[in-house]
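Chain lettering (A, B, C, D and E) follows the sequence in which the chains are written, and residue indices restart at 1 in each chain.
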Amino acid sequence: MADQTAAPAYGSATAHIRESYIAQTRRKRIYGAVLLAIFVALMAGGFITADERNAGGFWEGLHQIFDFPAAVLSEAGEKIGRLPENLLEYLPALIETINIAAVATLVGAFGGAVLSMLSTRGMALWPRLIPLWRRMMDIMRAIPEIVIALILIFVLGGGPVPAMIAIAFHTVGALGKLFSEVNENASLKPVDGLASVGATWTQRMLLGVVPQVAPNWLSYALLRFEINIRASAILGFVGAGGIGYELKNAMAWGVGRYDQAAAIFLLLFITIVAVDQIGSALRDRLTHGSRKDLLA
Amino acid sequence: MTMLSASAPLSADDLKSRAEGMFRTKRLWSFGLPALVLAYLVYAFFAFDVPGLIDRARPENGAILVRDTYSYKTHVERDNRTGEITFAIEGERKGEYPEGTYPDWVSVDGDVTTVTLPKGHEVRYYPDHVEYDVPGYGTISAKSEGRGVEATYPDGPMPDFISAARNRVMVTTDAGRVTITRNRTEVFRYAMGWELFFFTLDSPYHGMAPGALLSRATSGEAGEIWDDFWHNEMWRHSDVAWAIVETVLMAFLGTFGAAIVALPLAFLAARNFTPLVVVRQLCRRIFDLCRGVDALIWTIVLARAFGPGPLTGSLAILLTDTGSFGKMFSEALENVDEKQIEGVRSTGARAVQRYRFGVIPQVTPVLLSQVLYFFESNTRSATVIGAITGGGIGLMLTQAMITQKDWEEVTYYIILIVLVVMLMDWLSGILRRRLISGGGEGGH
Amino acid sequence: MRIEKLTKRFGANVAVDTADFHIGKPAMVGIIGASGAGKSTLLRMINRLTESSEGAIRFNDRDVTHLTGRAKREWQSQCAMIFQQFNLVPRLDVVSNVLHGTLNKRSTMATLFNLYPTEDIHKAIEILDRLGIAEHAPKRAEALSGGQQQRVAIARALMQDPQIILADEPIASLDPMNAQIVMDALRRIHEEDGRMVIANLHTLDTARNYCDRVIGMRNGKIVFDGRPDQLTTGAARDIYGAGADFSEGATSTDINALETPQQARIRDAEALV
Amino acid sequence: QGEITEFRLGVLGGENAQDRMATNQCFADKIADALGVEVKVFTPADYNGVMQGLLGGSIDAAMMGASSYAGTYIADPEAVEPVLTTQNIDGSIGYYSIGFARTESGIESLDDMQGKTFGFGDPNSTSGYLIPSVEISEAGYSMEPGDYFSDVVFTGGHEQTIVAVNNGDVDAGVTWADGLGNWEDGYNNGALRKAVDAGLVDMNELTQIWQSEIIPNGPFVIRQALPQDVKDTVTEILADMWEEDAECAYGVAAGEAKDFVPVTHDHYKSIVAARESVINN
Amino acid sequence: MRIEKLTKRFGANVAVDTADFHIGKPAMVGIIGASGAGKSTLLRMINRLTESSEGAIRFNDRDVTHLTGRAKREWQSQCAMIFQQFNLVPRLDVVSNVLHGTLNKRSTMATLFNLYPTEDIHKAIEILDRLGIAEHAPKRAEALSGGQQQRVAIARALMQDPQIILADEPIASLDPMNAQIVMDALRRIHEEDGRMVIANLHTLDTARNYCDRVIGMRNGKIVFDGRPDQLTTGAARDIYGAGADFSEGATSTDINALETPQQARIRDAEALV
């Protein structure tokens, strides 16, 4: 074979390859080193800046890191007898938080589904408007929930609805993007088939596309539900009701209400962990289940 | 052909009734599911007290907000006791016209100050009373005395744009607003735009045309011009820029810090790298705790130790994301291709070398894309965290909203935030594509 | 049906070039031509899945080329389309797929909630029975073999009760056995119900065996239009633009030619030598 | 007690964070000049942020509300000491909590509030929560939600309370005012006045329904752990400010006032007691 | 090298059953056997990737069966392993993959930062050149064809400068052309450098053509051990436990058998008849 007969000549033939490889390695090494240096510099510089602009320094504060949890826990420990009563008291607020997340996820998933179909090539009702819908979803994702919530609180007054709308708004953008990624992998043949019988756009989408994408959509919607529970707790913190509102009031008061704060912590923590665990188990089933379905 | 005779042993009628049965079940589902969702939404509708909410909704607040975002108002205020008149944009001290100057729609003629409003409306301040010409209605005249405000109106029923009480008269028209109380008389005049966005009234560059500015700048005044703009007292561009930087900084430190902390821990939590169940479970529970507690609560917990500021926010993001990354990284590590590791192992490589060459090159693309995705979404979260811990654009935004008067600033901040988040989205997209397809193994 | 100077351009590429023909009475028409000749485009324009660039499609003296909205969907429901890849909804059951043929007649709302009238369901089963696949009615479409799926697609077309059936290479994805079943079904529908059938075919012998009339296309132009017996090897060479080495056998799907598949393989192998 | 390397000033109030930073910058500059160290101004999001900062030692001095001072005192009596407070133009060193409702609701006093919702501001606010909750319960109207009022909510702050009442989200609420001047102007100083100036509310549409006893103005507190000379220097700067730089003092006091006068913890004993009584309820 | 009563049990399943053989001088040894016979397990035990259950592996009178830590890695670096799936790091470039052969000799710190000595890089490129793939040196491993990747794997093995090369079905994933190149390379290494090569093979003719000695395994036991010419069709039937219909041709990868692929297709087609 050619490569064997050529073997004795390698000294000179490889010289060039050797040089260029070593040059390439050196380039890569420098490139890598520069990247690493930039990254390290950014991290270090960022840390120093943040430390500088923070009221308390990192190193001075480090030993106090458990002060606050200790204060909360010691008060909660003293009043441990009131824990069940406290848990019960804040249960309705927790349910409100979960309701906010659930309704927002439902509404957001619905809006996201519609937008995703409008912005997927081959499915869109008005193909020219695809870029418009996409930008719209980008913007919806980029606006923080807190902004919309605060504006709506100003117009509608406090309570769960502004939070719900704010989260739903964001969810439309986030799920719309994920859904349209799923749509892109769906087959357009059934859509063509339905078009050929004279089906309307709604019929084409619901009968032709939705059956294909439903498991993946559901899986993404579940993930979003988890995220939305956290978001709704946070919005409560700025006055939009639910458990976040109760937590903020208990926390802000400080000593004297730490037992309540601890009870709310506990409720919130259990909920988040439970939803997280149940959600990932369900999602596992959905995505794997659907794969099995297709193979079957 | 055999098609008809080949049909199933079941008769067509059997099949029909079976198909009917099938459709009954399908209908039940296609009605049942939406019905369940609908029932839940109805429950939520009442649980959230939406009817009451609609009742209480204040569309006019929305109108104020919307109007503020694209227009500004100038206050012309007279202290009825001293007779002194001040002109101030948005009624703020920083927006006051310097002593002796006033906008061009005001004319001062001896004791009489005339404020011209759009659409033919006109307000005149006389030493002892105020007159307001409303075209199509007439002239309202009001006099404030120690006992109250005495006003005379044109004949006829009182129109609903006038809110009159013993001590206070307020006329709100689409040309402006006039308020007369015992102590003060005040006119709001609305105008388009974000006044003073570039220069405040005390700056020599206020109201200068772009062309003129440019020629000044080229003739060596660029520094001063920039300085006047950058330190504009009304809009505070430099502070806003810092706040944006602070917000991105929180996201950056938090996300990448978390990635650095989570990577070694993820090895400890991955089944194929840590056979010890105890260690693995311990790590996973730590991840669950970090994630479960949420950045919001971490912010509060850390505020005692570190006080308000961006560092506290970064650390809160870092803690939460360590949990998320730990979980995701360890899942990625459990899915690595064993063949590559075995290949490296067969050369007699040490454990660290096996990880470095058998594992890291495989997982970097996955991890990197997850980290970059989080970086983008954390930029948005950092806004909220900043609002709670006291740092960055989030604090400015929430505070401007809570005081409920600086809606033009709110608009400004929102636009900035949206732009920054979209920029991050775009940047992380580029980085993801570059680092994953090209650039070798990536630096970190 | 009358096709008048129908043209379709994709950018600079002319997929169908001033096609002109007239089908007087319900006939079974085969369209043949090499890959890229414009067969699919022609059919898709007739069904209005693809917009035409120029020319007109008339049916019973009505111009259907520029219908929109309701009227367009109405027309689509009258000329059913059958696809090479079946284009069924794979995750839905067979009966639902067949019932999709009624979508145009029923209200959107009703169909979304599966509120198909019982007589429609019965009719669907009868059609499936006529095509010999009634026992698969409750299965998911994706669980069926290619030939069965194509028959489901035909059932959907019949459910539309169309005046025209357009079939775009209905047997190209099928093995010879199933190809024969499907072509027999189309022919029978043509004969028994008197519906017009226009089928794109990629094999000459199928066209010869089943059609009353054959149209040949090449580079978007109609280059042959006549009875099947006029379709000599010479004419076929014209249509396919092939040289003297053209051999029909290589693309034949006639089941009789395949009784001994091993022979075919030997012949194929020899052809390569 | 040793040297300090920087001095951190916490600022709170009903204004934009950046405005607050700006109005207090002159104060910070004066401290920096006197102490020779860098002075930083921090604007936490709420009262609790200042309290946590003082308790954790990351904030050295702040102008506080009486109630949040009491909260800090209860959490750690050694943490901070009050040194000065604001003296109003009329010489008083207090202000009032004002209960108000929409005129059209027909509510004229607390007696009309049975079965209605009542709104507080921040839980750490003296006039927005502590004093009204204590005084109103003492007057016989229970503050337990569902007892006398149908609900009692926190709106988050004075501004939000005013908006909430104006919107009808709550039937009545409390906020602060100096009690000088006229109702229709929203008094001379206070949250109502700021809302009026911003064009948010029409005072004709609001009615006062309740007024508290006088509440002591919040103290300027300094962290006790600081070196004594630092504490003295900072206290002196502020105490002399109205005389030396009225413009700056206006910013620090967030409004017109006469002077900053010395106070001690004793001034706030009643507030501490009130806060403790709320806890024990 | 001496293998003594080497046994591996996976639960109740005995993968390798008291294997016993001795290779005196550096030879090229082929191990053949049906799938599941235990060939891979045997090789993996020798490289110490898999722990043995019983028995001993001795090399130059040293027992390497129970080495741990440094000594074990030392041994691994002396007996290089080549895998059926190449087991390269696909995202790294070819030279880096080859340099992994030196990991055992260089300090951990230096290698972690890719600080390989220049002479190692030169050597790696020379080895690649010897195997005819030097021009691919800067490419990523995943960009190479299967045969090229396997040669990279061989280069990595050579980089270890091992006394033994263990090759586990090195040509099973390759087409005949590449298979020949790879086997030629292994043979040449054996002859020129005098290294011992033990290769699992799944085709008899490869074993016959390239090996000095062939070991046959069946159900974990060594059932044949001899020169290639002793490997008659009868012996092969024993090894594979095959019936009288056993035909080597079906698994042959000898490139000579493929000079005229069309003939092969014809033969295959005939075989089906």
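Here is the rule we go by: contacts are C-beta pairs under 8 Å (C-beta built on N, C-alpha and C of every residue); 3 or more make two chains touch, one makes a residue touch a chain.
The model shown is predicted, which means the values in this text are computed figures rather than measured ones.
Peer 1: Spell out the chains that contact subunit A while also contacting subunit D.
Peer 2: B
Peer 1: Can you tell me the least number of steps between subunit D and subunit E, where a step is a move to a chain it touches?
Peer 2: Graph distance in the chain contact network comes out at 2.
Peer 1: Hey, which chain is the most central one here, using CA centres?
Peer 2: A
Peer 1: Specify the angle of rotation obtained when superposing subunit C on subunit E by their C-alpha atoms, rounded to a multiple of 5 degrees.
Peer 2: Fitting subunit C to subunit E on C-alpha positions yields an angle of 175 degrees.
Peer 1: Quick check: which two chains are joined by the most contacting C-beta pairs?
Peer 2: More C-beta pairs are in contact between A-B than between any other chains.
Peer 1: What is the distance, in whole Å, between the centres of subunit B and subunit D, each centre taken as the mean of its C-alpha atoms?
Peer 2: Roughly 27 Å separates the two chain centres.
Peer 1: How many Å are there between the centre of subunit B and the centre of subunit E, using C-alpha atoms for each centre?
Peer 2: Measuring from centre to centre gives 63 Å for this pair.
Peer 1: Between subunit C and subunit D, what's the gap in Å when you average each chain's C-alpha atoms?
Peer 2: Going by mean C-alpha positions, subunit C sits 81 Å from subunit D.
Peer 1: Centroid from C-alpha atoms only, then distance subunit A to subunit B, rounded to Å. What do you get?
Peer 2: The answer is 17 Å.
Peer 1: Could you list the positions in subunit B whose residues touch two or more of the other chains?
Peer 2: Where subunit B meets two or more other chains at a single residue, that happens at 56, 58, 61, 303-309, 387-388, 398, 402, 404, 440-441.
Peer 1: Touching at least two other chains at once: which residues of subunit C meet that condition?
Peer 2: In subunit C, the residues touching two or more other chains are 96, 112.
Peer 1: Which residue numbers or ranges of subunit A touch two or more of the other chains?
Peer 2: 53-56, 61, 64, 67-68, 71, 154, 157, 159, 238, 251
Peer 1: Where on subunit B is subunit A touching in the complex?
Peer 2: 37, 40-41, 44, 47-50, 53, 56-59, 61-62, 65, 246, 249-250, 252-253, 256-257, 288, 291-294, 296-297, 300-312, 314, 380-381, 383-384, 387-388, 391, 394, 397-398, 401-402, 404, 410, 414, 417-418, 421-422, 425, 439-441, 443-444
Peer 1: Which positions of subunit D touch subunit B when the two form their complex?
Peer 2: 8, 10, 14-18, 21-22, 42-45, 49, 52-53, 55-56, 58-59, 156-157, 159-160, 163, 166-169, 181-185, 194-195, 197-200, 202-205
Peer 1: Under the touch definition given earlier, write down the residues of subunit E that touch subunit A in their complex.
Peer 2: Touching subunit A: residues 95, 114, 118, 121-122, 125-126, 129-135, 137-138, 180-181, 184, 188 of subunit E.
Peer 1: Please give the residue numbers of subunit A that touch subunit D in the complex, ascending.
Peer 2: It is residues 53-56, 60-61, 64, 67-68, 71, 153-154, 157-159, 238-239, 245, 249, 251-257 of subunit A that touch subunit D.
Peer 1: Can you list the subunit A residues touching subunit C in their complex?
Peer 2: 187, 189-190, 192-200, 202-203, 206-208, 211-212, 293-294, 296
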